[in-house]
Amino acid sequence: MPKLLGTIIRNLFSKPATVNYPFEASPLVEGTRGSISFNMDRCDQCQDCERVCPSAAIKVYPDDKKIEWDQFKCIYCHLCVETCMHKAITALDHVQSPDYKKSVTVFES
Amino acid sequence: MSKQTKGNKLTVFPYGPQHPVLPEPIQLKFVVDEEKIVDVLPNIGYVHRGIERAIELNDYRRNIYICERICGICNFMHGMAYTETIEKLTDTVVPVRASYLRTIWAELARLQSHMLWLGLFAESIGFESLFMQIWKIREIVLDLNERTGGHRIHLSTNRIGGVGKDMDANLISTYFKQLDKLQKNYDPIANLFHKDAAFKEKTQNIGILPKKIANHLGAVGPVIRGSGIPQDMRTTGYEAYGELDFKPITYDSEDVYARALVRVDETYQSMEIMRQALKQMPDGPILNKNEKFPEGTAIVRVEQPRGECFYYGIGNGTIHLERCKIRTPTMPNIPPLLHMLVGYEVADINPIVHSIDPCISCTERITYVNKEDA
Amino acid sequence: MAIYGQTLVALTVGLPVVSGLASLVLPGKTIRSVLVSVTALVLIGSSVSLLGISEFTYNPGHIYETAVLVLDFALLFYFLYVGMKSKSLPVIGLSLLQLVPVAYFEFVLHGVKVENILLVDRLSVFLVLIVNVVGSVVVVYALSYMEEHEHHLQLKESRQGRFFFFMLLLLGAMNGMVYSNSLYWLYFFWEITSLCCYELIRHDGTAEANTNAVTALWMALIGGVAFIGTMFVGYYTVGSIALTKIMTAQLTPILLVGFAFLALAAFSKSAQFPFHSWLLGAMVAPTPVSALLHSSTMVNAGIYLILRIAPALKGTYLSLVIAAVGAVTFTLTAILAIRQKVSKRVLAFSTIGNLGLIIMCAGINTSLSYTAAVILLFFHSISKGLLFMGAGVVENRINSRNIEDWEGLIGKLPFTTTVMLVGMATMFLPPFGMLLGKWVAVDAIISTPLAFALPIIILICIGSAATTFFWGKWLGYLTVTPMTAQKQVKETLPTPYRFAMMGLLAVSIVFSAGAPYIINNFVNPLIGEAYKLSVTSTLMEVNTGIGSFLVGPFWIATVAMVLLGVMITKKKGGVIVPAYLGGENVPEKPLMFFTTADGEAEASVSTVMLQSEIDEASLNKFAVIIGVLLIIVMFLVEVI
Amino acid sequence: MALNTSTIISIVFLAAMPFLGGILMGVDRRLTARMQNRMGPPLIQPFYDVLKLWAKEPYIANNIQPLMAFMYLGFAMLAASFVAFQLDLLLMLFTTALADICLIVAAFSAKSPYSYIGGRREFLVMLSYEPVLLLVEIAISLVTGTFIIKGIRAYETPLLLLLPAAYVVMQVVLVVEMKKSPFDVSGSAHAHQELVRGVYTEFSGYTMALVEVGHWVKVVTMLAIVGLFWAPNPFIGTALALALFVGAILIDNVYPRLSWQRMLKTTWTIGFGLVIVNLLALSFGGVI
Amino acid sequence: MGLIQKSQLKSPWVLHFDCGSCNGCDIEILAALTPKFDLERFGIVNIGDPKQADVLLVTGPANKRNHRVLKNLYNQMPQPKLVIAVGTCACTGGVFHNCPNVLGGVDNVVPVDVYVPGCAVRPEQIIDAVVLALNKLAGLAQSEEEE
């Protein structure tokens, strides 16, 4: 007797395990590493985040007090969040959504 | 080859780099007589990115992340091996709790990887519903991953000198609960792997790798354990493994079936090790920062899900490593794979190729020699 | 009317002999071509004319009887000479086994006297039609083939005179054989076909050809010995060696032994197990010989004999054993054919198998199965002639008999390959005649008692699937063409080739489509002589009472489908893209892919032969053993 | 031919066959998904697939391939029409073989190793199910005395009661015919295998659509034959056919793909063994 | 015409090619097919044969070795076709941006329709991306009709 038969028949008569995602929300786990956001009021343009970023996704322009964050280059490791001494970078738990074009988020004070 | 097949016209075809059964690009050029494999020639390098060179170019502290992305499946172990290398080069002592955490997460990664493999293997032998079933259960492991490190795949919790995240009592009890749930769901599947007649027929007596040849060709991990050699780097006692009770799992039948069973049993073993470690884990600090630059040479060997992974680092007292050589487990398993394939049928290609659990993105780094330095 | 018939009989037997002798004597290519072509035309014409004639008997006269007697002894002494020359004990022994009894029979018993020496009935006429139409086409085809063949062998002196002499003699002997009512005459013509066969197989004179020719000869001589056995049985039980007398006599065990001898002779001629090796060995001869032996002459002699005696054996165990031999042969050859590499060997196995099927049908011996046998015989001759001719052309063009070299032939020789493809399709696919025959055969089997039918049903199921397999994979292999949009290659062929192949192709298709007509007008009258009619066919349909084959609608649907398909695919069109090779295609080279170190390798495909699954040597041994056993059983069943 | 009611019903049935097949394939995918604890695609997903394929840019392998793909569908429909018009069962089988040959020639002609090996396996598929199906059909006509479906339907005793083993054999045949595990060696609908898409590898766009519809028709034809096992009541016959259909899906989900050697062995031993035993039993029972 | 357009939106068959990623995105693509996410709800089938695929899912950065494979696969897909760059590496090269053998994002080799950031991407993002891509296809088909 094939060993999977029981499981298969049980599956057939039970509710699918599927989360009908775009039509119902996917349950988010606490502490998910998602996008980041810069609080320019706290930032003192020390460029630590730019230095530690493994994928060089953050560009700090100290003169213009401007930070460019390339969300299509970021690997969402949140090392910058850990590193920032002024807690100027906020970790968000929603993930970046796909897009037709690559774009860069600019934070200005 | 038997006399009869001599002088026949042969079929030649490429298996990969794009092939639905292989998630990753590797090409095997097959020469088959009707359906019997006569010759096979590997062609690797499709995923070569030059990571070792990049490691030498980067700030050594940033490399954890690039090492983790050598392979998304054993990412934690790559990060761990790299940090261990740097820790040896900088004489950093890792806190006990951190080494326990690393052990737990390493086993979690093994669990994830073996479940992934069992699913992929099921799909490779045309057993789609088993694949779905295993991957459904695997979501529990990914959930634990996400609760721990904030991501389903990449934990990214290794830091030089320890780990970056701790586990509170709540999370630990979740671990126990989820592990029990996982085991309960996993039992019928393990039962299938051990007892199902059709599964046995598909996997037994193919891809035979005799003990002697396995040793001779330097197979590692479940491949060599499936040939009856109890070779397991965890027995060297790195991190917290020395304090835990486990024995390498071996099977003697030397075929694809043995390799599958090694992995099936290792999932149980991983769960057991995790439970032990979670119980024994002492309180204490998790990170021991050390600002020294790496100097000297260091060798680290860890047991990844696919076998022994080897890190060799040379530091020269600067922020850059002089040299970092990584030998991942799939590389030594390719020569045994070629040995396993010849003489079997086209229908056996999938299970045999999958039986070494190829992780091509691990494999593909070639030695890069800087001319000016050399 | 009788005179007209007698003239046609004389023409069909005498003309080939005369023009054969002429071609032996007269030099020159043109004369020979004209001679052969005219003979072919006359033969076709007279065999068609014979169709209009009802049954009649004919005694050629004393002089001919004496001539036959003298020639027969000459023939036997020649065989003895051949045996001594080639130091072949079987040939010597079997020749002596004939010489002594025949001498005794003739000079002591004076047993060869028969009232009606020749008898022309429906079956003879039908056979004559097959022999002469297909045979003549093959002989015409041989005109071109032998030119190329001798050019290829770089012969200094042409041996074509000799070749065409024996080819034509074979046709004449075949015609004479099917007319014969006297067993002695039948035996005489039988031996002439053996002679022709022997001489034609060793035509090229190589060592292999000589060995195989001798093998063919001694196997054929077994048939001769068996004939003599029947003659003695006939003489002692019925008092006559006229077939008509023997067949209408009360069946006694001794008489059945006589029939068993005839069946044995038929098996040896039709290459049934265990006698199949001679037909495979005959492949060394030039292809027209194979075409002639396999399609219309030689092997059909055995079939003719079985068909001739079948009505007398209705309901006997002997008949069942005959069916068993046929069924076993059909199944095993179909399996063996799968793994053959040499094109002509595949065809040979197919021939043996189909003859087995026909013999099986004759052995089942109901009205329906007899119909199936006749239909199969008819369409098999045409298709097999066509296929051998195609194979011959291909062989001369690509200098290989190995079907592995036939890959993608449709790109190189579009005309011949198309002929071959259709020819293969006629062998095993609906709506062609062979399949119609097989379909009737299946219907026939299920209308027989189960205890007997069951083993045959199983053999047929396996055999027909294997047949589909080996034809299909070969057919498919010819179409394996590279992915480039290539220019249409023009194929130039000599006229005889074109005429012969197109002619037989047309005959095959037209007769397949007109199968109901054929059955109504030629097959049914023939059946009616011995059985109750069971197949009714209207213009569109063949109905066996168990099933109905809608020949007309099927053809209409098929033709409509092809037209519609061509229309739709033309309209849709398409861009030709290279094959899927894992994404590593080399640009501009459709079958190459990049491999290790960026080297280029060619993707290739092999044929399907299941060589590791089918063990030819042991299957062959098994076939011989089971064949011998069945023949022993065949002689034992009379006692029961 | 006069248009009477039964002819019209036959024509309607024939025309509905591809649609029935499509719906059945949809049911198949939905059921498979549910057995794997998923939601699965909409029921009419197969029609979306085929329409999409039809509208795709036409890529072909060579000039023979599209015609052969069309002929595959055409002969599958012709075989189906033998069932729809209640004609000869035996001829239907031969026509199915013809359709298969067309598919294989299309696959062979592409000269791509994957589709070639797929075609080779398709031959083995034919070799394994054809003799068995032929035997089942012969068994049916041994009982009913005719090969004509009309005559078989007129037979009063339900065939299932006389030929229960043949019904079981049809399950094996159906699994092979539907290209389901464990016997999806030549190319399965959507599962991955060592041959990429096997016999379907080189089809693309409208040629694939034609082949797909042809496959539906073949499956429905086969199910219609299963329906003959309870001819007196068409509803029970349909239920029998659907039972085997669901059975095939169930088998698909509990078995891995086995080798073609195993396929041949299984179909031949089960097929020949069971049918012969059944026939012998009937023979001793005095039914035939 | 409406019916065919709807079918195109309802039945995107995908071809997955790993261009040199770390496997993270690959396994997430596979995970998206499994019961919890079940891409087949949208008619998505991982077909594995470029000749029958509509959507090319590329993971990982293009490198000097495999760009020709990617190009080839793209060329073997019949129109209409979509390319989705799955993962940060496929978009820009990500963490491998300074590796010596890497060319950067896959848009250096084939035109990309939808970019999915994330390392590794989550199955939900893949679903979002496919929905986005199909919207684009719908827009495309409409504009063709207007012409």
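Labels A, B, C, D and E are assigned to the chains in the order they are written; within every chain, residues are numbered from 1.
The rule is short, and it goes like this: a contact is a pair of C-beta atoms (placed from the backbone, for glycine too) under 8 Å apart; a residue touches a chain by one contact, two chains touch by 3 or more.
Only a predicted model underlies this, so the values are computations on that prediction, with no experimental measurement involved.
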| item | value |
| --- | --- |
| Third chains touching both subunit C and subunit A | B, D, E |
| Chain hops separating subunit E from subunit C, counting only touching neighbours | 1 |
| A-D or B-D, whichever has more C-beta pairs in contact | B-D |
| Nearest-to-centre chain - CA centroid comparison | D |
| Chain whose mean Cα position lies farthest from subunit C | A |
| Identity of the chain that, by mean CA position, is farthest from subunit D | A |
| Between subunit E and subunit B, distance of the C-alpha-averaged centres to the nearest whole Å | 27 |
| Distance from the mean Cα position of subunit D to that of subunit C, given in whole angstrom | 36 |
| Rounded Å distance between subunit A and subunit E, as computed from the means of their C-alpha atoms | 20 |
| Numbers and ranges of subunit E residues touching at least 2 other chains | 17, 34-36, 38, 41, 46-51, 69, 73, 76, 95, 98, 119, 122 |
| Touching two or more other chains - residue numbers and ranges from subunit A | 2-4, 8, 11, 16-18, 20, 54-55, 75-77 |
| Of all residues in subunit B, the ones touching two or more other chains | 11-13, 15, 17-21, 34, 58, 65-66, 69, 129-130, 132-133, 136, 151, 154, 198-199 |
| Every chain pair meeting the contact rule | A-B, A-D, A-E, B-C, B-D, B-E, C-D, C-E, D-E |
| Subunit E partner contacts - residues on subunit D that touch it in the complex | 29, 33, 36-42, 45, 47-59, 190, 192, 196-197, 200-205, 208 |
| Residues on subunit E engaged by subunit C in the complex (per definition of touch) | 17, 49-51, 68-70, 72-73, 75-76 |
| Interfacial residue positions of subunit A with respect to subunit E in the complex | 16-22, 26, 54-56, 70-77, 95-102 |
| Residues of subunit C defined as touching subunit E within the complex | 577-578, 580, 582-585, 594 |
| Subunit B residues within the subunit D interface of the complex | 11-13, 15, 19-21, 34-35, 122-130, 132-133, 136, 198-199, 201-202, 345-350 |
